[in-house]
Amino acid sequence: MAEQVKKKDLNIFVEYLTRVEGHGHIKINMKDGKLEACYLNVIEAPRFFEAMVRGRSMFEVQHITSRICGICSTGHSLASIKATEDAIGFTPSVQTRKLRKLALHYETLDSHLLHVLFLVTPDVFGAESVFPMIQTHKDVILLALKMKKACSDLCDILMGRHTHPITLAVRGFTKIPGKKELEKSRELLGELEKDLAIVLGVVKLIKLPEFERETEYIALTHPDEYAFLDGNIASTDAKEIAPRDYLSFVHELNVEHSASKHSKNKRNSYMTGALARFNINHKKLPEKLLDIAKSLGLKAPCYNPFMNSIAQVIETAYCLYDAIEIIDGFLKNGIDQSEAVASWPSSLEKNKFTFKSGRGVGAVEVPRGILFHDYTVNAEGIIEKANCVIPTNQNLANIDMDLQKMVPEILHKTKEEITLQAEMLVRAYDPCISCSCHLLDVEFVD
Amino acid sequence: MKYSLIEKLKISELVVWLKNKQYKVVGPKAKENQFVYGDLDSPDELKLEHKPPVLALKKYYLPQEENLLNFSFGETKGKEVDVSNNFTVVFGAHTCDIAGVICLENACDIEPKDNNFFERNKNILIIGIECLKPCDEYATCVTMGTHNPKGGYDLMLTDIGNQYLVHVNSQEGLNVVANDKIFVDADSEYISKVNRIRTDKTNVFNKQLNVAENEIGVLLGRTVKSPVWDDIGKRCLSCGNCTNVCPTCYCFDVRDEVNLAVTEGRRYRVWDSCQLKEFAEVAGGENFRKDRKKRQQHRLFRKFKYPIEKYNRNFCVGCGRCSRTCMAKISLIETINSLAKESI
Amino acid sequence: MNNSLYNPIKATIVATKQMTATEKWFKIELENKKDLNHNPGQFVEVSLLGLGEAPISISSSPTQRGYFELCVRQAGKITAALHKLKEGDNLGIRGPFGHGFPIDELKGKDLLFIAGGLGIAPLRSLINYVIDQRKDFGKVNILLGCKEPKQLLYTDELKKWEKLTGISFRCTVDRADPDWKGNVGLITNLIPGIDIDVKQTYAIVCGPPIMYKFVLVKLMEKNIPDKQILVSLERKMKCGLGKCGHCQINGLYCCQDGPVFSYDKIKKVEGAI
Amino acid sequence: MSKVRVAFFDFADCEGCQLQLTYLNEALLDVLKHCDIVNFREVMHERSDDYDVAIVEGSITRPYDVERIKKIRERAKILVAYGACAAIGGVNGIRRKYTIDEAKKIVYPDREFPIETGEVKAVDQVVKVDAYVHGCPTNNNEFAEVLKCLLLGVAYKVPTYAVCVECKLKENICLYEKGQVCMGPVTRAGCGAWCTSNGNTCYGCRGVLEDFNQQGQMDVLKKYGVTVNMLKDKFTLYNSCKMEEKNG
């Protein structure tokens, strides 16, 4: 069904494509050369987390909000814990902060690898999904599975499991790895480091569409490090602000075609995620990673959203090296296992544990972008109000605007090609593994 | 057999020496506010002064989970799993825990013998430590007569100040004390010292049960209808903790597991508990010990009544674990003493 | 070898028959047609590696050589899987286990068999043994009960038993269907009417757990001495070796001390009946 | 064994349980020897409505989903409730303490457009379920066991005993002995005491045991100084949907 003519009418409906913590459709509708509709339609069943956590103990809220998303559950836990600690005026120990960074690195590693190896490579090799690749590219699949296994083993050691981590708690970790576990972790990271070289080889083969649209980029930024866990909020359009003021950047709005709220700042949309982080924080990356980035065609500032996947590859390397550094530090200087805390102050320590009430915000960079949890905790330690702003939601408006710019630019392509590229665009934002799946039931009206 | 002496300061040296012989050395280690038996990676992990560890020594003889057969799916015969273990030294077991091993040995010795137990038993050397004071309010070791060493070990350490007096009770034990860099022979003077210590012990160790050891079974038999049992039945949560921690409980379940390719599998046994609802429930729904009260009765009968009939000894060694671990605070001492009070 | 006690031996199903909606009959040969060498009343652990094991009574007489028979009711995981097997399929067997009926003690005595439902399976082993060694035993009474006619097991064989001389066979169902011409009512109703010499008679009982209480009352009314009442009991079992503890009835292990017990041994044992 | 056609579906959930399957790693390839995965939106494009086994994740919340699950039920020979959201309602059930309008007001205070939702239900509160894989998230050992049973055509039986059993075998110090509160005694085992073995408490994600000792448990909690509110929180975290069922 190849057509070469530039289309005047186009009607694309990709059902069950995307989700924002759920599911969505792509809808493109062109009539007489005019784009009437072009957006990502989010039809996720709303789950009402902000309502669910209201009235519950501040010690279990992170357990609940982790369930917002299985894929970035570590990020949600950490944002939640940080919001709670911020609200009650608790400062975690230096060791806790290091371990949390490690936890976040593991999740980013796992998530980015999954995205690049399972979801982007099928495009590179012209496969429909990973399943056919088991036959055609078994080596890549085995490598991917091996690396994911290493990630999940790392998570098991530090957090009990990857999905919905167990050991993360308000005040610290409920279990702290010992020397043996650290050694095992170091070994796994060493293996990953070796495998990463092969991944970079595969990534070199990726050919991404040429498309640019300058937008606002928002990410955490930190004076000493490529920010993931801590920092202020930076924008390419405005001055840095503290996490507590996130609402002056993030304006949430409801749109009819989506059960998820959209966000915007000064412009009609902004982008968050790996590319935004790279654009804002690339100076904090070691030289050798910048060189690799350059060899893969990524240089800041970059306005091609498809390059988000490449930025993820660079971050994968960054997280890996930083994780190794953290573990080596523990191996050299020791780790204090007695710092382990109870997830809930026990009856034995209850009277010793005091806190203040108030509002707190936790901002964390998760694989898909900046994540905010915002709680108000009362004097009894109960959550009175909660707000969570999820990265994919923040990107939705930007995705719509990218689509609206991109589709008219590629009208000379076949409908299949247009649909594929639209999907690839959505997938580039890596909204979640489920969103990055392939299309179904495409409908064309000429 | 004979007595030796070891300086307290040389205990570490002994551990290291045993480890250098490629023995696996295990002993009580601290875990949070309690203790567990575990591999001693370094000698300072050993806590000779301890309360009964969470699980008793039985895990080294009949592990929580133990492979029986490996098989290829679709086959009718499996490959028998070799259980012969690394030579293991258990360092620092209390006398009650050693008595627990003797109970297990009795049970496993009934024909057909449990070969796995004896296979492992061959390769375990026990270095015990004598308690000079009771662990806590849960222990009933004095009543059960397990607070003094009564065999079942290779070496037994008794604290006599700066040294331990070592009672050597087996050929393997002799081989260990033969290391004259660590041990020296003890003369008879020390033996009378130990006897003195034992007599002094009676002052700090009180009998915890108001019933004699050999009468508990009879008491239980007489009081099955007592309201004490109803109360226990109401409180018990059937968590199985009391049997899992008990040094002498040995019931197990047999399970099969196959890999996801459904090509290979294993048949293994895991500790089971008579406190669980399904323990005596058969297909079709009949349950021969349906209520918690019956199950708790069964547990104590299996400690104090049936073994007396079968092995002429109680299967409780007075370690106090079951009471210590029970979140409903069902206490062995309280139960027996209440029953005794009632039946007067 | 270490775990040989747990390793099944290979056996082959040589014939099967669906007897009722829930019961299936299996004729099984051990590797090389070895004899199982069992006593009537013993059981085997039927083993499907990957799924588990189930204790099943041997329902054929040891006088039949080279094979044995089982009758399996579909009750759960293993038994459901067994029902899927057909002629030519293999399975594993461990055993025979337990104490069967005390044949020597029974020799020369009159026998009163009382079977409820699937309880006929273990008793059939002894019944057929007695039929094959008829001279060694006295009078034989067989009482059989089940819920409905369509649940009757071994129907062809029952007809044969009915015709044998020196054997009195009676059957009853709780609920009749239009074709049923026999007794209706509980099996306990048949007991008072039978004519037995109490001193000479051994009663042999097997059936669902609730049946025992009622049958025993009737047998006691008949004044059969406790020692001469034999029951075959069912308990949950895992190992068959007297180790796993599941089948324990107070101090007794059903799998090793039983499954056949004489009533005088267990009447004081709480929870046995 | 012939190949089984397996389809995955998800409803209101976090997709964490499906993600668990990617941690099967190489065993995933083994699974594919016996199963044709005909629908798995997470990672594949192809889709088919012809399947034997439907593995359903997530709670049912919208009228639209009720229809969808009913259709899936009609088509599937075997329907598996996969993960806490599907099996017992899970954390989604917490929302039951609000009316739908209240919940909407809290989360979408100034939304002018309609938002479609309904009461949160576990899958078996809408259609018949043949097998359960409990947990939030599920664990792969148990999933393997369930899959094996499906392939062999026998029923998988969820343990009927408490998490404590597995907890003790792992030699954990009981949280009650450390002054903490744990759902272990009333929660069905099968996770290997995942949380308590990692220093946390059990939250009851595998569902409350069918016949746990209610009075006994209350007494224990009282003994340990647990307030009624805290107790309620513990039971409503995962088990809201099922508790209401229990209390009529």
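Letters are used for the chains, namely A, B, C and D, taken in the order the chains are written, and counting of residues starts over at 1 for each.
One rule holds for everything that comes next: a residue touches a chain if its C-beta (ideal position, glycine included) is under 8 Å from a C-beta of that chain, and two chains touch if they have at least 3 such contacts.
What you see is a predicted model, and the numbers here were worked out from it, not measured in a lab.
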item: Chain ID, smallest distance between chain and overall C-alpha centroids; value: D
item: Between the pairs C-D and B-C, the one where more C-beta pairs touch; value: B-C
item: Whole-Å separation of chain centres (CA-atom averages), subunit C against subunit D; value: 43
item: Approximate Å spacing (C-alpha centroids) for the pair subunit B, subunit C; value: 40
item: Whole-Å gap between the CA centroids of subunit A and subunit D; value: 25
item: Centroid spacing, where centroids are CA-atom means, of subunit A and subunit C in whole angstrom; value: 65
item: Numbers and ranges of subunit C residues touching at least 2 other chains; value: 50-51, 76
item: Junction residues of subunit B, two or more chains touched; value: 258, 262
item: Touching pairs among all chains present in the structure; value: A-D, B-C, B-D, C-D
item: Residues on subunit B engaged by subunit D in the complex (per definition of touch); value: 31-34, 36, 53-55, 64-65, 234-241, 244-245, 257-263, 270-271, 273, 276-278, 292, 325, 327-329
item: In the complex with subunit D, residue positions of subunit A that touch it; value: 16, 21-23, 45-52, 54-57, 60, 63-64, 67-71, 73, 114, 118-119, 128-131, 134, 142, 145-146, 148-149, 152, 159-164, 166-167, 169, 173-175, 254-256, 259, 261, 340, 342-344, 346-349, 432-434, 437-440
item: Subunit D partner contacts - residues on subunit C that touch it in the complex; value: 50-51, 76-77, 80-81, 84
item: Subunit C residues within the subunit B interface of the complex; value: 1-11, 47, 49-53, 75-76, 79, 90-92, 208-209, 234-236, 238-239, 241-246, 248-251, 270-271
item: Residues of subunit D touching subunit B in the complex; value: 1, 24, 27, 30-31, 33-34, 144-145, 147-148, 151-152, 160-162, 164-165, 168-169, 171-174, 176-178, 184-186, 211-213, 215-217, 219-220, 223-224
